[in-house]
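Each remark here refers to the structure printed beneath this line.
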Amino acid sequence: MPAPVSLPDLAVGTRVEEPLLVWDVEQRTQSDGSPFVILTLANSTGRVKSAPFWSSDVHKVEGVQKGAVVSVIGEVGLYRTDRQLKVTSLRPVARELVDWSRLLPSVGDVTPWWKKVEEWRVEMADGGFRRAVGLFYDDPDFRTQYERCPASLNNHHAELGGLLKHTVEVGVIARQIAKTCNAAWDVVLAGALLHDIGKLEAYRWDGLFEMTEAGSLLGHVALGSLMLDRRLDEPEQPVVAEEERLLLQHLVLSHHGELEFGSPVRPMTLEAEVLHFADSASAATTNFAAALREAANFGDGESVSKPIWTLDRRRVYRGGA
Amino acid sequence: MPAPVSLPDLAVGTRVEEPLLVWDVEQRTQSDGSPFVILTLANSTGRVKSAPFWSSDVHKVEGVQKGAVVSVIGEVGLYRTDRQLKVTSLRPVARELVDWSRLLPSVGDVTPWWKKVEEWRVEMADGGFRRAVGLFYDDPDFRTQYERCPASLNNHHAELGGLLKHTVEVGVIARQIAKTCNAAWDVVLAGALLHDIGKLEAYRWDGLFEMTEAGSLLGHVALGSLMLDRRLDEPEQPVVAEEERLLLQHLVLSHHGELEFGSPVRPMTLEAEVLHFADSASAATTNFAAALREAANFGDGESVSKPIWTLDRRRVYRGGA
Amino acid sequence: MPAPVSLPDLAVGTRVEEPLLVWDVEQRTQSDGSPFVILTLANSTGRVKSAPFWSSDVHKVEGVQKGAVVSVIGEVGLYRTDRQLKVTSLRPVARELVDWSRLLPSVGDVTPWWKKVEEWRVEMADGGFRRAVGLFYDDPDFRTQYERCPASLNNHHAELGGLLKHTVEVGVIARQIAKTCNAAWDVVLAGALLHDIGKLEAYRWDGLFEMTEAGSLLGHVALGSLMLDRRLDEPEQPVVAEEERLLLQHLVLSHHGELEFGSPVRPMTLEAEVLHFADSASAATTNFAAALREAANFGDGESVSKPIWTLDRRRVYRGGA
Amino acid sequence: MPAPVSLPDLAVGTRVEEPLLVWDVEQRTQSDGSPFVILTLANSTGRVKSAPFWSSDVHKVEGVQKGAVVSVIGEVGLYRTDRQLKVTSLRPVARELVDWSRLLPSVGDVTPWWKKVEEWRVEMADGGFRRAVGLFYDDPDFRTQYERCPASLNNHHAELGGLLKHTVEVGVIARQIAKTCNAAWDVVLAGALLHDIGKLEAYRWDGLFEMTEAGSLLGHVALGSLMLDRRLDEPEQPVVAEEERLLLQHLVLSHHGELEFGSPVRPMTLEAEVLHFADSASAATTNFAAALREAANFGDGESVSKPIWTLDRRRVYRGGA
Amino acid sequence: MPAPVSLPDLAVGTRVEEPLLVWDVEQRTQSDGSPFVILTLANSTGRVKSAPFWSSDVHKVEGVQKGAVVSVIGEVGLYRTDRQLKVTSLRPVARELVDWSRLLPSVGDVTPWWKKVEEWRVEMADGGFRRAVGLFYDDPDFRTQYERCPASLNNHHAELGGLLKHTVEVGVIARQIAKTCNAAWDVVLAGALLHDIGKLEAYRWDGLFEMTEAGSLLGHVALGSLMLDRRLDEPEQPVVAEEERLLLQHLVLSHHGELEFGSPVRPMTLEAEVLHFADSASAATTNFAAALREAANFGDGESVSKPIWTLDRRRVYRGGA
Amino acid sequence: MPAPVSLPDLAVGTRVEEPLLVWDVEQRTQSDGSPFVILTLANSTGRVKSAPFWSSDVHKVEGVQKGAVVSVIGEVGLYRTDRQLKVTSLRPVARELVDWSRLLPSVGDVTPWWKKVEEWRVEMADGGFRRAVGLFYDDPDFRTQYERCPASLNNHHAELGGLLKHTVEVGVIARQIAKTCNAAWDVVLAGALLHDIGKLEAYRWDGLFEMTEAGSLLGHVALGSLMLDRRLDEPEQPVVAEEERLLLQHLVLSHHGELEFGSPVRPMTLEAEVLHFADSASAATTNFAAALREAANFGDGESVSKPIWTLDRRRVYRGGA
């Protein structure tokens, strides 16, 4: 199957015939009061705006909603300096037929990330921490979900597979920090692999990335704690000692580092402290790198950006502009 | 059985023969380097200091530790202007023989508080919220623990039964707030009855009031959420709908109102908002009333107190002093 | 006299002939540069937009300003999916002829609130606190103003009579809190009845709800303190003891609870603490309930709202959506 | 009458026969349990500790309380490296006979400060601001109090006459700021002269410097506003226009600049902004200079001080140490 | 040479033939999709918008960028209630021919400010502080730059010469504060003259006022410290003692007063404290006065403004409106 | 030369004959008023208290000051449960003869840390960043100082060589973070090697660890920036491009991450962001590990510590206690 068409690179005149995700639907009005509609269409490569559907064509997009998948036929035109897709045909696609990895931003092949995870798991000493990790990571259903879940909805690693990638980054950074301060690597690793499991219940990612009701009302930190508790209660024989259980829960609950960032407790073990720093470093530097890549953050020829929301209103410098 | 001796009211010369709790053990040294020991002894009425055990008597208190219960014989003397208990005999009491309600501060008879709780439960409409409450409040073990647990370790309602008393106060206040804003009383009530259940696993109260390891590492908010989850998973048939479950968890998790006070999510439902205000009002006004009662907060003849720790360093005014 | 027409429920084609308040006047421009005007018209039931007054009709609304009352004749039309009022005639109404309760949002009949206030006043023990309350609540002019004043301009209880309703809510909640902590009810009640009197001088409410210059420059907290002081100085014989006077002033000045919320002193008496919590609970839960009722806070079919300004950017959950 | 003895400069062996203020009374205990008392005695030059009154002499200081004035006869001795006053006789002095300016820290002769105030008043244009100032500054009782009141209890200008001195400093600085930004000097001056009048009712200064109950419960900002209001209401004919009255009240209420510093409103006029900066500058630099002068803030030979409480825990540098 | 045309006062029908600065270039689109451009043109008196350059004329402004200087011929027309400049000819002007003081906001003649600076310098005692000041203020290149640099980009004193004016204001205010607290005037003066030198490297002002890359990456505080260090290292013989050097650097580095305002150290000397207060007072009151002058901050006939960004969202009151 | 005696492990009765550092001198008084002195003596292994020098022996320690080095002869005794060193002879040692690495806490052999640094430097691409690093790291004087300087005075890595160790830890962690976000390693490395050079001028470490006056008045961040600037100006030919210079200065100035932690600018480049996270992680986890090791942080048998100052008042959990 060919790769999805690269939407940001479409040349004027190109014919497009592709399944695309409806990212946004703008209802607008001409000065004479007649309505028109502009769609934002997306796939894993990026987004493109449609040409307006004027009054006479508005019926073509009736019922088309944010998050729908549509099979689009059209041609790339130009509107002032912006490319737009002149849509001639647009048909809904049944969700069960959709290959989401073609439509949504994605980290791509997750094999290398899984390989790293498995390498680490093999190294773990036998014991409660290893067994707790196995309760999740030996479960094929968990793996299927985990390798697709994004790490955030519109912030760092907001792409299919982003959570797994973030997990490995946290592990890689945490391993180094743990070495410098002699933290117990097995505990830190268990924390890295389990700290964000709550996102599986907090996010929806097949279509638009959205928060679930549980995600809104409980938050991924508490959800992760509940998910861990349930798995630990499942097996027939106790596999994790009481203190190990407390330490694992503490890793999950404290990983945001401060109460005001949503952790109900601050890190009280060296391993939780290490995990918190690795988690922050992975998230912040990924956000930072993305801010530098995003051309829209910079005025023409400017080397200093506008204030960036995900970086607490900081400006970034891209140099040599 | 006679009431415990009122320690704050002991007259000089009184003979005491009582079981008492060792509240504190101070190891001190005379100027010639010889050691002496002073005990602080307590029962439910308050505390008294022992006369010093000088070098020659220090062996009598060897091995006596904070939190122990001892059968004490002695006589009340005077040291400058302070009464002190000159101990002549002191024997350990086995913990299983201890009647803690005689030794620890206590709200006293909890019957009226239970009565209020049951009145409210009867009013609840049949449904998930009522059943969720029943999972705890129909369990005799839960009731036995709940009616003894303090509501804090050294802050508001820090006494046996304090948690039950606080629970009813929260309910009483919340009921009124719910009326003014048309919040769903059954939901608010379920929140009032369940919001602090985590304290059963976070505190120890038979002897000194102390934090458990789980209380330190997870906090009573997350512990309550886990306890609720486990009970909801127990019954053979589902009794609580998924949305009810989310709303109950949200009440428990958000009841501190703000992230910086240890709630991982802020109140998102009207009922959670009501609960939060009722909880704060009960805790703060109880602390405030206690600060006014505590003579040590005021200089001689002063109507304005020293800054009070539990009131965020505020001074209080007792008037007519 | 018939009830005012329900503006949010107007069917297309309905003929309207009503006095309406000019809530807003938008001056806009067509792409050819010709001007047009859209009015937002309001009465106590809500608001509706007018159809545009195009260039040729702009003279009809010349001189019409925000806050004016106009007698409108027109018919309800449709513009895309929104109803709009096609105005055919529009005449100014003299302000002295206006029945504001038909034009502004209102709590409706205030009798029950007054009844509650009087019930409470009767219970008050004779003494300074009762007399101080009487200095205001026995004055017909005060009552006339008080029963119309809103409790805020665009936040909680922003409706005619809102202040009286809020006052009773604060009293109802405070009474319950006072019971749990043994605060002196007479003092708390005096605080509930007097804490917000400053709003009479801080707000204007006959027409648009607006801040007075005194409201901007002094704030309702200080204004209330000054109003209280003046009344206490009026009577020929001293009726309020010096300490009572201080306690009353303290209730008024400290009721916002924290310096950063505009109280120059924090609550130092138990009664001021109770008042502060009751005031916050009434205001916050009223805002919360309003946020849930306001459909515009939610996207189509969404159960979680956008961030709500009056709730410190929190999102709220309306469930079962 | 000779100047008071300089307590910080007393040579060992000097005989002292002076009225002194009892600054503090320490009740202490020897290791054998016998009590002793040490007094801290003060006059306007500073303080000195007494030698201990051992058990046998404790009766001599029975009933002597903080704040009392006593006629002391004694001789200066040495205890290790510290001078102490060996008291041989100590008699109470009736408060009505006390010359407080000899006993309390004082700015000394206030004539030059009054002179500056009068110079400025003469320059004021006729009008409401001038008349408002006159309501206070033409009143001999006000002047008598004002020229003695300290500007704080234990912070900047905590000395008799400190408030007048601070007032003039604020005026001097404000005048210069007003010039640079073209603020109305008459208004700023009225603010400088009236902003702290509330301290007359908030402080007690004949004896120990203490907060009154009104000072605690209302604060000097609100007290000043009330005092201003009363005077403005007194005269038979209105002398101050309504807007002038609002602006004066605004100056008093907003002079702390921020809500969290106790102003219920922030400065909204240029004149209030100027006043706030001048007030802060006078207070902060006076505190800073005092911190540098106080030897106890520095370790031996250290040029960098300990953290200073009145400077928000900053350290100060005295150089060339 | 005649004064620049006053753009805010242009009468309709006036012919304009002037060099003007292109302050902004708005690319817009008609409803039929055809593009048009509106320029904002500026000189030292203010700004005016051009009439639109419609599709057929867009080529006339091709390549015209923000910050360019153009020689404009046109006539003033009216668009609804706003004046607009109908441009008939527009030619680029070579930057080397530009007289910036005609095109940019400016404090005007800087002679009086220099006079004040020189007066002060003459008074300085011979020594390191005087010599350090001379290293800059005796350098003609420094003077040329300093007398043109603005004191901020779009906040207080954002005009040519603003930095020099601000410098003198700081000096004038600081002198008065220094007198009241006995700070060393020579040191304070050196601080006033040197504290903001970093702005010479942090800002660009010939054309649009912009931040340099050094200004973004290092900030004017650190840049000033580096500039000072380099000059102090230049002379052949040491002219400034080590401690003087530290004190000068401390003045520059601490002048923002608090870490969160960008000073890496807080003021530790009385002179640095005085400088900080004078600097804040000059900046804040200048901003305040500007906010009052700016009509756009106020609604029609309103005496209370919208929240003002440069005043931390405060509203200001202009009275008598 | 034998290793220094391990002070924390001294058995009672051991004879000690060693050079020791005077860590503290306590002047105290017996109840009869006679003075005595207790020394705290230290070497690189830890500290021990001396037995008291009673009145008759006080002359032996006359003139002995904090920070002195003394040759001590004595014997280990017991005072209650604490060991104390009964000193029989005590002679000053000339500072030039002192081997500080025996007397002060130390990271020990620094060879491995240097090795790592050199490995990294070899990998750097030729260019400005490498050359800038060489200006310091090729200078033997710099290396001698750098390998001895502590990384803080009484916080993380407060030991001889601590700065070098911390530098390598930062490098090791930063390298891993840089990999995950594709930051330029050469730039990050230059930042890791240079970010804390200011500590060489901010600290004194031969004897007690102390802040220099420059350290107090300028801070190590600004000092580092100045030191970098001077070296970059030294060489005859420019070796570092202007943008590289800005980026290096930015790394040094922004490494604390936030203004309130003393950085005058926040990180604006990805490399500065990486450096900041690595620096924080090294410092925080080192503090954390030290807090866990320090027995005095825990009560007897307690697994949860007291609040730890260097961890922002957090408690830590040591498990299995």
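Side notes on the structure shown:
We call the chains A, B, C, D, E and F, going by the order they appear; numbering starts again at 1 in every chain.
Keep in mind that, in the parts below, contacts are C-beta pairs under 8 Å (C-beta built on N, C-alpha and C of every residue); 3 or more make two chains touch, one makes a residue touch a chain.
It should be emphasised that the depicted structure is a prediction, and the values quoted were computed from it without experimental measurement.
Between the contact lists of subunit C and subunit F, the overlap consists of A, B, D, E. Contacts with subunit B and subunit D are shared by C, F. With centres taken as mean Cα positions, subunit C sits 44 Å from subunit A. The distance from the centre of subunit B to the centre of subunit C, with each centre set as the mean of the Cα atoms, comes to 42 Å. As a whole-number value, the distance joining the C-alpha centres of subunit A and subunit D reads 61 Å. Residue positions of subunit C touching 2 or more other chains: 31, 213, 216-217, 243, 247, 250, 268-269, 304, 315, 317. Each chain pair that touches appears in this list: A-B, A-C, A-E, A-F, B-C, B-D, B-F, C-D, C-E, D-E, D-F, E-F.
Against subunit E, the residues of subunit F that register as touching in their complex are 213-214, 216-219, 221-222, 225-226, 229-230, 233, 243, 246-247, 249-250, 253, 259-265, 268-269. Put simply, subunit F touches subunit A in their complex at residues 169, 172-173, 175-177, 179-183, 243, 247, 250, 266-270, 273-274, 277-278, 280-282, 284-286, 288-289, 292, 304, 314-317, 319-320. Per the touch definition, subunit D reaches subunit F in the complex via residues 30-31, 79-80, 303-304, 315, 317.
Interface residues of subunit C, counted against subunit E in their complex, comprise 29, 31, 33, 35, 211, 213, 216-217.
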